[in-house]
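Two complexes, one shared chain (subunit A), two partners (subunit B, subunit C).
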Partner chain A sequence: MSSRKLFSMLMSLVILASLLVGCQPAAPQAPAAPPTQAPAAQEPAAPAPAEKPAEIVIGVYEPMSGAQAAGGQQTMQGVNLAYEQKKEVLGVPIKMVLVDNRSDKAEAATAMTRLINQEKAIAVVGSYGSSNSMAGGEVSEKAGIPVMGCSPTNPLVTQGKHYYFRACFIDPFQGRVMAKYAVENGIKKVAIIQNISQDYSVGLAAFFKQSWNELTGSMDGIVSETSYQDGDQDFTAQLGAIGDAEAIYAPGYFGDAALLIKQAREMGFKGLFMGSDAWEAPELVSIGGPATEGAVFSSHYSAEAATTPASKPFVEAFQAKYNEVPSAMAALGYDAYMLVIDAIERANSFDPKAIRDAMAATKDFPGVTGSITINENGDAVKDAVVLVVKDGEFKYLSTVKP
Partner chain B sequence: MKKRRNLILTLAALILFGGFLYYAQHTFNPYILRILNLCAVFTIFAVTFNLIFGYTGQFSLGHAGFAAVGAYVAALLTMSAAQKSANFFLKPIISPLANVEIPFLPALLLAGLFASVVGSLVAWPALRLRGDYLAIATLGFSEIIRILLVNLQPITNGALGLKGIPSYTNLYWSWGAALVCIFIIKSLINTSYGRAMSAIRDDEVAAEALGVSLFKHKMMAFAVSAFFVGVAGALMANLISTIDPKVFLFFLTYQIVGITVMGGMGSLTGSTIAAILYTVFLEALRPIESPFTIGPLNIPGIPGMRMVLFSILLLTVILFYRRGLMGTNEFSWDWLIGLFHRKDTALAAPTGGAEK
Partner chain C sequence: MTFDQLLQNLANGISLGALYALIAIGYTMVYGILRLINFAHGDIVMIGAYAAFYGVAMFILPWWISFPLAILLTTGLGMIIERVAYRPLREYPRINLFTSAVAVSFLLENLANVIFGGRPKAFERPAFMNEMITIGNTQVVSYTPFIIITAVVLFGGLLYIVNRTKVGMAMRALSKDIEATGLMGINTDRIILFSFMLGSALAAAGGILWATKFPQINPWMGVMPGLKAFIAAVLGGIGNITGAVIGGFLLGLTEIMVVAFFPSLSGYRDAFAYTILILLLLFRPTGIMGEMQAEKV
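For the complex of A and B:
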């Protein structure tokens, strides 16, 4: 009995000891893509413009597991492609380090700290999911490391942050895009159904209302405003409240949206469905079926409408690598990585502060999702596209300028 | 004689530990510091869960809810007025809260008190239930708290969460709170109240027949436990400096239950060791998620691998050490010295100097 206790104690001690070893600065990790460069340099020297370091580290933090894993993985497709095309900047090889933030706030903050303090990243890309980005942003701000967000659209992400930028537009703009679309298409009455447990959904609904008020001069057109929670499967109560609305604006994730659309059609609703960039997933159509036909939503980019010279080669390279049409998240991941490289090139330096200044000065960068200019808040000013579901596929409908 | 020796040893250990914290706070990089802080937070979570489940035998799943209350109270009390108005851009915050900004210590205590009050309110009706029923009732309450946080937008900012919470938490605060928590709970266990709690755990009917007030002692366990969970929640909020209701999903309670079971129910030492192991392991296992090569094998990086490995580890512990790493044993100086004297008798001593 006692010897067993002793053994268990010893074992825990051994585990503890091994952990302490594990805490040491990690051995050089191979990058996410097939490792080609020699793992010669382990200590990236303090980057000075005059002398060239052996390699530089660009960190990526994305939700690769957890609730938002699908979005994180789509984004990584684009980031990996960009990394394959650009493995060097200013003649110095890049080491890309991906850290999973598990769709969790505490984990995202730790992931960012790890990238900065352990991996010595000089710039970071990420993250899908605004709440992850907000947690990481607090850390990078203090450390003074520039971050290029790929798809966090919540305005709070870059607000008050000098080192956080993003390649995507923000929710107020996206809300306005759809309000404008509705008004221009002669819709007089709209019902809003929001997911109250998603900051993303709550924000978009609020910005849609605000723009509606500005465009029509009153709130009379909003006939109902109802909410649901994460995991809800039954939307009959919310749909029962829409009255004589001609359109439903439901800025939630594709899974909820697909069920909602299906149930609305079953209840006899004949009007228009409007949504947001989170609708853009094949599951919208596969779950919602023919009911989703004609639904419109705002998004970042469409493979059909090649907006800049960079779009076409990207779509071709992407299809060659993954054998599928790139999603908006992948395109934004690609752009975010390329924006970082562009900033380093223009700064002509590996100093995080200089890279930050170059990022802030980004103007008319030819990204695959459109021409990107970073404004004074660190947000990208660029076009949005409106997509429509036609024959079970997402088709390009129109472009809305900022 | 022995008592005095133990007291001196305890004091010496505390001073040593304080010295280590001082050294760590000034020399370690923010990454290691963050992990050490999280260790302390999870230690408090595990130790308090142990008080309710390990010592009093009440299977409560309300920890995430209590932590949420503490975190939100502390966050709202320590954020500056400017930060609040920036956060509440959809719906303004209600007026008395908008301009409140108090130092960290009173905020921590208030967070604990609030959580304690909520914990007692939850416990009041729920404690009529036993076993699985209690678990389901407390789980429900914890979910109610989360749903309230989502819907009370003028107070909690709803799903948008709060950001820019001042990051007051450092090693002194986190480990200070953890030590106080362990000390108070250990002291409580050694009093007649603690003995009564153990009696309730072993057999409620027998305990009641002996004149132990079930309700009083269960309530006490809940209130004390919820207080420290609230404090830990507050420490967590001021550590990661941004919170939203999704941080306090049921998954958090799962983690706490896992840690406590792994450490051993009825052992504060076990809880502490397991909490530290858990937090450190999650980070130390990161390298296995990136691609690596073993001889001719080229293994691609699979995100989520460390969770798999961690689950296997948890399974191993449960299968081979059913009572957890420490069972119901505690660390004590007598035991440690006995170890050097190769006296097996000292191992069984369940009481003694507690501070680890």
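For the complex of A and C:
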């Protein structure tokens, strides 16, 4: 073998090795089972009491990387906290398995398949991003595994699904919240910019328009409607078309929104920016900078205006663990996990079908984000809050009832 | 559309086009010499942006040290990739090289995801690139002229190297016939390595400028620019440096103008831009500047 070949082989090894080493710091994202409980779960432990497995698996699929990573990672803060507080159900230890769906529909379906077939999850939590959830939902529906969504708000996530539920409100309501906000604040002309690759964004834009039409009696106030796609970073052309709009409604994810807001201000737009719950990520402000000051958006929860009894201990525990104020995504992640545990307890069984029935019957669950009752569609009906960016932070503005 | 809006869109289109052009040059140079479509090129763009980001954010270097340093580092990475992933495969069928390029691309993306993290990072623009410039009713930010001027200067420098220096002459010779060039006593390995370095340096510059224009960097940020720059290179006639630049500007302008003139079609922006590309290639299969080449036997 020539020295040249040897050299290149060595270099490849170095790269591979660095990859393996590099993997380790990322691993803690997946909360591994405590070392005491060996992965003996697969085989029914010999003399276990009847029907009582050695451990059960609750799966979580969230975007830990990709365009929605901030949302998934915020959600996981809440899920991890809930897991720490509740590591056992019906006297059986829980093993939580996290699979990254990489903000991608196809990956989300794969992640769900892996959780069900390989990890043998009896219930699943997730996912941030409606499109991810819809893709995962197809898989869980066929397998008959109940899923508790944390923050996917598009109506289609639970529509026609027997096994998909969610801890959050849905977009027809969320769209109305911002349309109402605009009308009440004297906005006469709005431009809508939607992400056409995301069901979430397209749905919200449509619901906003519908509510606008109901509230003002016509569509005249919608001066322009433009779209972009996943991965687009240049919004100047869409912004060039907004004419004399006083406000821009851009119900997309925080990363797109941050760039869009920055570019709009650079092009001399002086009006109001309005958005939706997917704006709630620190990246909105860190990327968008001072241009985001004054932007308003609808969301699920604000620690400032938390009213439920469960909220106070949650905020305290969260601050003790992460040294920051919990976001709406974290609160929903916490609630979603606790809702799964609650359903298992009420079902008094590890049978997915029984858990599903218990989930569907959830009534007045004292969640952090409000009292949660699952309706006949599998959705929670809850208040929304309107938040505003002030001095680089998300501040509570008002609460809107359904 | 008013005249002011047209000017505004022109400014936006040209600055986007300049970025595509810078990245496209790297594709075209490597293709011209090795007949290899270097699919990792877009990811080198990403690495360049991250290197500059860490220089400023972590080591608190001023931009005029951090940016050149990032270009230097990325150039080194380009060298390593050529040495490890491409050179050993050069004598084997072209498809092996191509597969290796795709593998390098995935490797870089996933390494970046593990090392830098999947959450997007905010890229700090140097203050002088953040000034508003108002001309009439058109408003641009000072990074726009900076991007355009840098692109033109780098392009001029590259043309000088390729057309007026000995290395450039060797590069041109290589693009005609590698073996014959070797027989003339030119160290072909060195020249190929040099082209990769040049391409990577330009990609890094493109990545840094991309990040100043769109100040959000993530491990997959190079995928779309890379793909589009590749298309720009094909549009201009792959293998031709001037063609890549023209293709880049054309693509940037088309993308912006399609949306500007037909706002309701904005969701299909790429579909329209690329329909135009297909049509152009149907009528000019070798691209705008490409020349017909006799198949080598």
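Here is the rule we use: the second predicted complex is superposed on the first by the 333 of 402 C-alpha atoms of A that agree within 3 Å, B and C clash if a C-alpha of one lies under 4 Å from a C-alpha of the other, contacts with A are read in each partner's own complex, and residues count from 1 in each chain.
Here is the rule we use: a residue touches a chain if its C-beta (ideal position, glycine included) is under 8 Å from a C-beta of that chain, and two chains touch if they have at least 3 such contacts.
Worth saying up front: this structure is predicted, and the values here are computed from it rather than measured.
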Message: On the A-aligned overlay, A:65 touches which partner chain: subunit B = first, subunit C = second, or both, or neither?
response: both
Query: Which of the two partners, first being subunit B and second being subunit C, lies in contact with A:177: first, second, both, or neither?
result: neither
- request: Considering only touches as defined above, state whether A:355 meets subunit B (first), subunit C (second), both or neither.
  value: neither
- prompt: Which partner does A:99 contact after superposing on A: first (subunit B), second (subunit C), both, neither?
  reply: first
Task: Return first, second, both or neither, reflecting whether A:236 touches subunit B, subunit C, both chains, or no partner chain.
output: second
First, second, both or neither for A:287, with subunit B first and subunit C second: second
- request: Considering only touches as defined above, state whether A:196 meets subunit B (first), subunit C (second), both or neither.
  value: both
- request: Would you mind listing the overlap between the subunit B footprint and the subunit C footprint on subunit A?
  value: 5, 8, 12, 15, 19, 22-23, 26, 64-65, 69, 196, 229
Field: Footprint of subunit A on subunit B - complex, ascending
entry: 29-32, 34-35, 38, 86-87, 89-90, 147, 150-151, 158-161, 163-164, 167, 236, 239-247, 273, 276-277, 280-281, 283-287, 289-293, 301, 303-304, 307, 321, 325-327, 329, 339, 344, 347-348
Field: subunit B contact footprint on subunit A (complex, rising order)
entry: 2, 5-6, 8, 12, 15-16, 19, 22-23, 26-27, 29-30, 32, 35, 64-65, 69, 97-100, 104-106, 109-110, 113-114, 116-118, 131, 134-135, 138-139, 142-143, 154-156, 159-160, 196-199, 201-203, 206, 229
Message: Under the stated contact criterion, what part of subunit C meets subunit A in this complex?
response: 5, 8-9, 12, 16, 80, 83-85, 87-88, 107, 110-111, 113-115, 117-120, 122, 132, 134, 139-141, 213-216, 218-220, 223-224, 255-260, 263-264, 266-267, 269-270
Statement: Seen from subunit A, its contact residues with subunit C in the complex are 4-5, 7-8, 11-12, 15, 18-19, 22-23, 25-26, 64-67, 69-70, 73, 102, 194, 196, 224-229, 231-234, 236-238, 240-241, 255, 258-259, 262, 266-268, 283, 286-287, 289
